[in-house]
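These are the structures in question, set out in turn.
Two complexes follow with chain A in common, the first pairing it with chain B and the second with chain C.
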Partner chain A sequence: MTTDTTVIAPESGNGAARKERISHLIQQHGALMVLFALIVVGTFGFDSFATPENAASVVVASSFTAIIAIGMTFVIISGGIDLSVGSLFVLGGVLAAWGSQYGAVVALLLPLLACGAVGLAQGLLIARTGMAPFIVTLAGLLGVRGLMLAISDEGATTYLVRDRTFAALGQGEILGLTYPVYITIVLALLGMLLLQRTGFGQNVYAIGGNEQAAALMGVPVARTKVYVYLMSGLLAGLAGALNAARLSSGVTILGIGLELDVIAAVVIGGTLLTGGAGGLTGTIAGVLLLGVIQSLINQVGNLTSSFQQVVSGAFLALVVIAQRLLSKAQRL
Partner chain B sequence: MAEATTAPSGPPGRLDRARVFIWLQEYGVYAAVLALLAFNVLFTPHFLDAANFRTQLVQVAPIVIVSLGMALVIGTQGIDLSVGSVMALAAAVVVLYLGYGAWPAILMALLAGAVVGAAGGSLVAYVGVQPIVATLALLVGVRGIANVLVPQLKEFRNPDLIALGSGSLLGLPLVVIIAAALTVVVTFLVRRTTFGRQVVAIGGNRAASELSGLPVKRVLLTVYVISGVLAAIAGVLATARLQASDPTSLGQFIELSAITAVVVGGTPLTGGRIRVLSTVMGALLMQLLSATLIKHNLPQSWTQMVQAGIILAAVYATRERGTR
Partner chain C sequence: MGTTDGPAAGKAPDGLGPVLEARGISKRFPGVLALDRVSLALRPGEVHALVGENGAGKSTLIKVFTGVHRPDEGELRYRGEPASFATPLDAQRSGISTIYQEVNLVPMMSVARNLMLGREPRNRFGVIDAARMNAEAERVLAGYGVETDVRRPLRTLGIGAQQMVALARAVSIDAKVVIMDEPTSSLEPREVATLFGVIRRLREQDIAVIYVSHRLEELYQVCDRVTVLRDGRLAHTGDIHELERIQLISLMLGRDVGEVRSGGLTRFSRDRGRAVTAEPVVEARGLKRRHVLQDVSVSVRPGEVVGLGGLLGAGRSETAKAIIGALPLDSGQVIVAGSPLRRRTTAGAIKAGISLLPEDRKAEGIIPTLSVRENIALAALPALARAGVVSDARIDQVVDTFMKRLRIKASSPHQKVSELSGGNQQKVLLARWLAMQPKVLILDEPTRGIDVGAKAEVQALIDELAEAGLGVLLISSDLEELVEGSDRILVLRDGAVVGELSGDEVTEERIMASIAEHSSTNPEEADAHG
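Let's look at the complex of A and B:
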């Protein structure tokens, strides 16, 4: 986050340096700025927007996407993509609900094991055979969805969560916010530490920036990639399990297509799909931003959820155009 | 094929292995389709019935049409995720303008597809946004627009449009004839026109194409417009067959089927090569596969898992040659 500006700034002229720093700042924190702006608009525009209940509902609804988006940020920074997370999220939920008949521990561990295994397999395929992440995880998307349908009688059986302790994990509240919100916050902080303050995090950036150069410098490219996809799988499974605990059932239809929402949130948060740049602060802001947009549209009332799709799509387009122009400005 | 014959110069064992891979990549899809057909003829009752064939072909036609555009886009190292939403938009637009008659309505739907394609194409070609994000934004936004235009399933009674969906010519469904005709057109476009050469050149090496004076941006834009129009055609045909406009669910996840068809057909995602007929075979293979599994009482879940395996196998086979 800091390296780029400090290294380049002193070399170029004053005006250019300032312009570059500003554009860099917007790229990194643009989502956060827009988020604040929207919250201000919402607060003054709608009476029922800035209420604790509404804020809590936005945050709770965003937490599951946020958990997955943390993993996706690592994947995208490393120059890859993970299309399988939506399917893994659903699979995690179904497995957690099914496993809850054997207790809370099984309900939590089973989805982590299964989704972690899928993530690991995808990581190994990508790192060892050099197949494109897009294709490997597309196969993962289909295969995992098939697996999920197979264990739920083609989606007809909805397993209910049998274990009270496990259900409490998704439904219990502290200060009006459910446990998953706090879990998300802890995971986000851990993710930031991992990304910014460890060798592993630096390796992820290095691989995404220039894989060949990273390999020549001795970065363990294959191993880092495997870890990144493993992490993404684990987090998607965890989000699915927590969601099942929240809903008290393993719903088989929710979460289909979730991978695209997550990718959109990460991109809106300023992480470049080309890899090598980005961060978790932006991702969290991106997830919240999409949540706030949805909430604002709900506030307007007579607008359907279709409008939310239109707005989200337009917003995503604006963000990528802005990012593109900003990164051009930085290269000058 | 030309590179293939010169490439292997190692010991005989390796040569054979390389040859097998090249053969698989070139003809694997055809072999797989033939093998599945043979299996079905032998083991599936009523497989050779005309009615069954008809159903399979009519079902696969929209996927084939969308895949043709996808093959062009992938040939330029791009990807078009918006095709399913374009189908939905075409379905919405076509019923909105049905009052003016079937053909003006269809024209408007194709125009809508072209506009979406142009939007994606401009983002990719002129702004320099990555194809996957540019078309992702359109996937989300355009589906929303389609839903806003036609919020609920809307049935229609226009005889011309219904005839387009369920009519036949010489015993073949119109939908299938149109898909076949478009395949011929796109094949011609890729193999015999300057535009086709330019598309392949840009996909192979964009920088070199730019330096040698090709109109890179314009060609890229055109490719996405073509993909949009083809998706709109698929949307109109699917709507005509349903006899109802269903923007909420029409074309959902068809981008995945189309990408699968292209990849299974052996077109590399790295661009520079477009295999139109193999792409059509890829779509047929997937359709035949799911039909076979269903006929033998294996559920949908199996189909998806087998599809996943086939995608991986196909890409693994293409990978072997792609070391250049």
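Let's look at the complex of A and C:
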């Protein structure tokens, strides 16, 4: 097909179009491809890698990060960032453990209420006053962390989970996988539905893609942003509560720097840090990828786990470079 | 000089009152009174032109109508009742649909999602039915002459097509009033024809249209009445066909008709087609890219203005991009002042002395948060520097000159560019490129969105630069501008040069003839794929 029809053909020719499609594909599913590659390498390289136990432990450990990353994906696609999730994760854990003395329902609702409130407050500040998400959520991170140190006597007090039912929520298993894994799967599926198939999801993309245009197209920008940060806060609190149930205690020192791991996973999953593009499939792949890297490093044995951060960091740098190249290829 | 109509003229012939009305609206921004007691009554089924110089207050009035801005004074009435819209969404829901001048859509989202955002078809579970959404989008867009894979990101379309998507979106919302702020500034003649068809259809359905444009001849084709704003004040309202074009211009500029007439409408004045014998400053040889450019060669000598003519998709902007190194080529060579560019990168081309004012200025150019001064001086710094040092006074001088000549309307050189009117933002960008003093200047639609007064000034500047020995490659959809401005014209079609006109041959008729001549070999338009 050549040019002279009513077709208003895009600027690029067919070859370029194919190239663009491929680079788009890599951008979206790159993390998934690398994940498979690493699993193959691990399977052939290490005997103890492809065992059901190891696979289960990677998946179980990843599930908490994944829950937070779901919320973070929405935040980043909307063009924002949420640095408070690490602190909220801890807050959720401690409140769940403390609340468990009053039963499972309180243990679950209390962290959701508290973390949801923090998320809501941050969302309102960001949406209504136009303050930068980075600043607002950095304040959230510091504030909540300070609060945690205060109620735990600088980390000296550890609250234990007193309710069996609640502990079972984190420890119970089906087919060798704990409940949180299934909860994560359900949340991820719901998230995908929300992101791809509802007006809310479309609004999130539109705001991240071009906030001003979105507003003029009639997107309720402020309300959407508030929901996004509220959701992120809720999910961080939930992850914290589930983690407390798994460990039978709320530990205050965990979760420092967790927000960065989560952001890394989201970005590795192909969501643009500048907003407007990305998705949850990538995010889940990103989370698992970081889990697998850690597991592989453990297999190598004589390397310390700090080495995992070096690898993750290097990997993140690679991804960001690749994203730049890919989006350049798509623009032509 | 006539100002507002009497109350009698404000009545619609069929006895219906105005559907949308502004009464004595004032709007003040820090440092400017953008609207000063402006009134406008829009009747159902009329196409109402809103004109005025850049910065006259047209877009501001529109934004007051649609709830983007609150008026400081005055009253809005919609369908006979006092109205006040808190947000654009409010206005849209009540039936006022708008295509804004500067920002329209979300480039990274798919074409279909842009078109349907906010009213996506749902399936019976209440979630978006993507297949139906895409099919629907495809169907709607086909009605506007846009046939493309609607799942692609919007930004992969040309800007003309993007503008058609914005139009389709605005019109397909069930509206009583459709407002279009410079809808044609990036459209090709064929797309403009489609747009006019749409407008006529709206008129038949008794929908009122507000139409803003700097292309005056268009106004006479589609509009019924006209309102002229000047410096935020109402200068005239009335039937457009009672005004001659020259009267309209004099109302906009606030000058006498005689004065405007003697000044002429374009301001190119240099001798055309002087025999230029010098070596070309830039020469592109055999530029090839599959499906885009088929062996295009262009050369520009110092002091020469070479025009590129042709229709949409002819490869004019692509040629420009190829020369500057922004479009990868299958083969071809660019030679600047005798020496070929080795590595074809944009940075390399700029260093060698070529600069390009791109067609898509929204995406590639303006830095909204910086001041007018910084935006102009940004790229020109190296040219202004002496021994690597740039004096503030020198920058001020350059900035001041361009602000005066291009009549950039800003409260001061330190005003943020994002606060300027659309046309004035364009002028700032143009000033940046003109101040750069390259050897070769490629201008892709230099006067798009710029008012008649400043347009003449831009054209005079292009002349001056050529006089001073610069080579200019001029791309313009405005045939008059192309003909008046160029020494020589290359006519492109389907990515190939199909004609070269020089001297006396440089006329609008010859260009059209040249394009038409070479289209006979092509199959009849459209529906080949049924």
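We take it that the second predicted complex is superposed on the first by the 320 of 332 C-alpha atoms of A that agree within 3 Å, B and C clash if a C-alpha of one lies under 4 Å from a C-alpha of the other, contacts with A are read in each partner's own complex, and residues count from 1 in each chain.
Here is the rule we go by: a residue touches a chain if its C-beta (ideal position, glycine included) is under 8 Å from a C-beta of that chain, and two chains touch if they have at least 3 such contacts.
Note that the structure is predicted; figures quoted are calculated from it, not measured.
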Worksheet item: Is A:I321 contacted by the first partner chain B, the second partner chain C, both or neither?
Response: first
Worksheet item: Given the touch rule stated above, what does A:Q309 touch, chain B (first), chain C (second), both, or neither?
Response: first
Discussion item. Tell me the contact category for A:V40 with respect to chain B and chain C: first, second, both or neither.
Written reply: neither
Worksheet item: Given the touch rule stated above, what does A:V136 touch, chain B (first), chain C (second), both, or neither?
Response: first
Worksheet item: With the two structures laid over each other on chain A, which partner does A:A215 touch: chain B (first), chain C (second), both, or neither?
Response: second
Practice prompt. May I ask you to decide whether A:V105 touches chain B, chain C, both, or neither, giving the answer as first, second, both or neither?
Written response: neither
Worksheet item: Now for A:A150: first (chain B), second (chain C), both, or neither, which partner does it touch?
Response: first
Worksheet item: Do any residues of chain A touch both chain B and chain C, and if so, which are they?
Response: none
Worksheet item: Given the complex with chain C, which residues does chain A contribute to the contact?
Response: 1-15, 20, 193, 196-199, 202-203, 205-206, 209-210, 212-220, 276-277, 330-332
Practice prompt. Can you check the complex and tell me which residues of chain C touch chain A?
Written response: 68, 87-89, 92-93, 98, 100, 103-109, 113, 117-118, 120, 127-128, 130, 145-148, 152-153, 155-158, 160-161, 164, 169, 191, 289-292, 312-313, 318, 327-328, 494-495, 519, 522-523, 525-529
Worksheet, complete the sentence: In their shared complex, chain A is touched by residues of chain B numbered 79, 81, 123, 127-130, 132-134, 136-145, 147-148, 151, 253, 256, 259-260, 263, 269-270, 299-309, 311-312, 315-316, 319
Response to the item:
Residue set of chain A touching chain B in the complex reads 81, 125, 129-132, 134-136, 138-143, 145-150, 154, 257, 260, 263-264, 267, 273-274, 304, 306-314, 316-317, 320-321, 324-325, 328
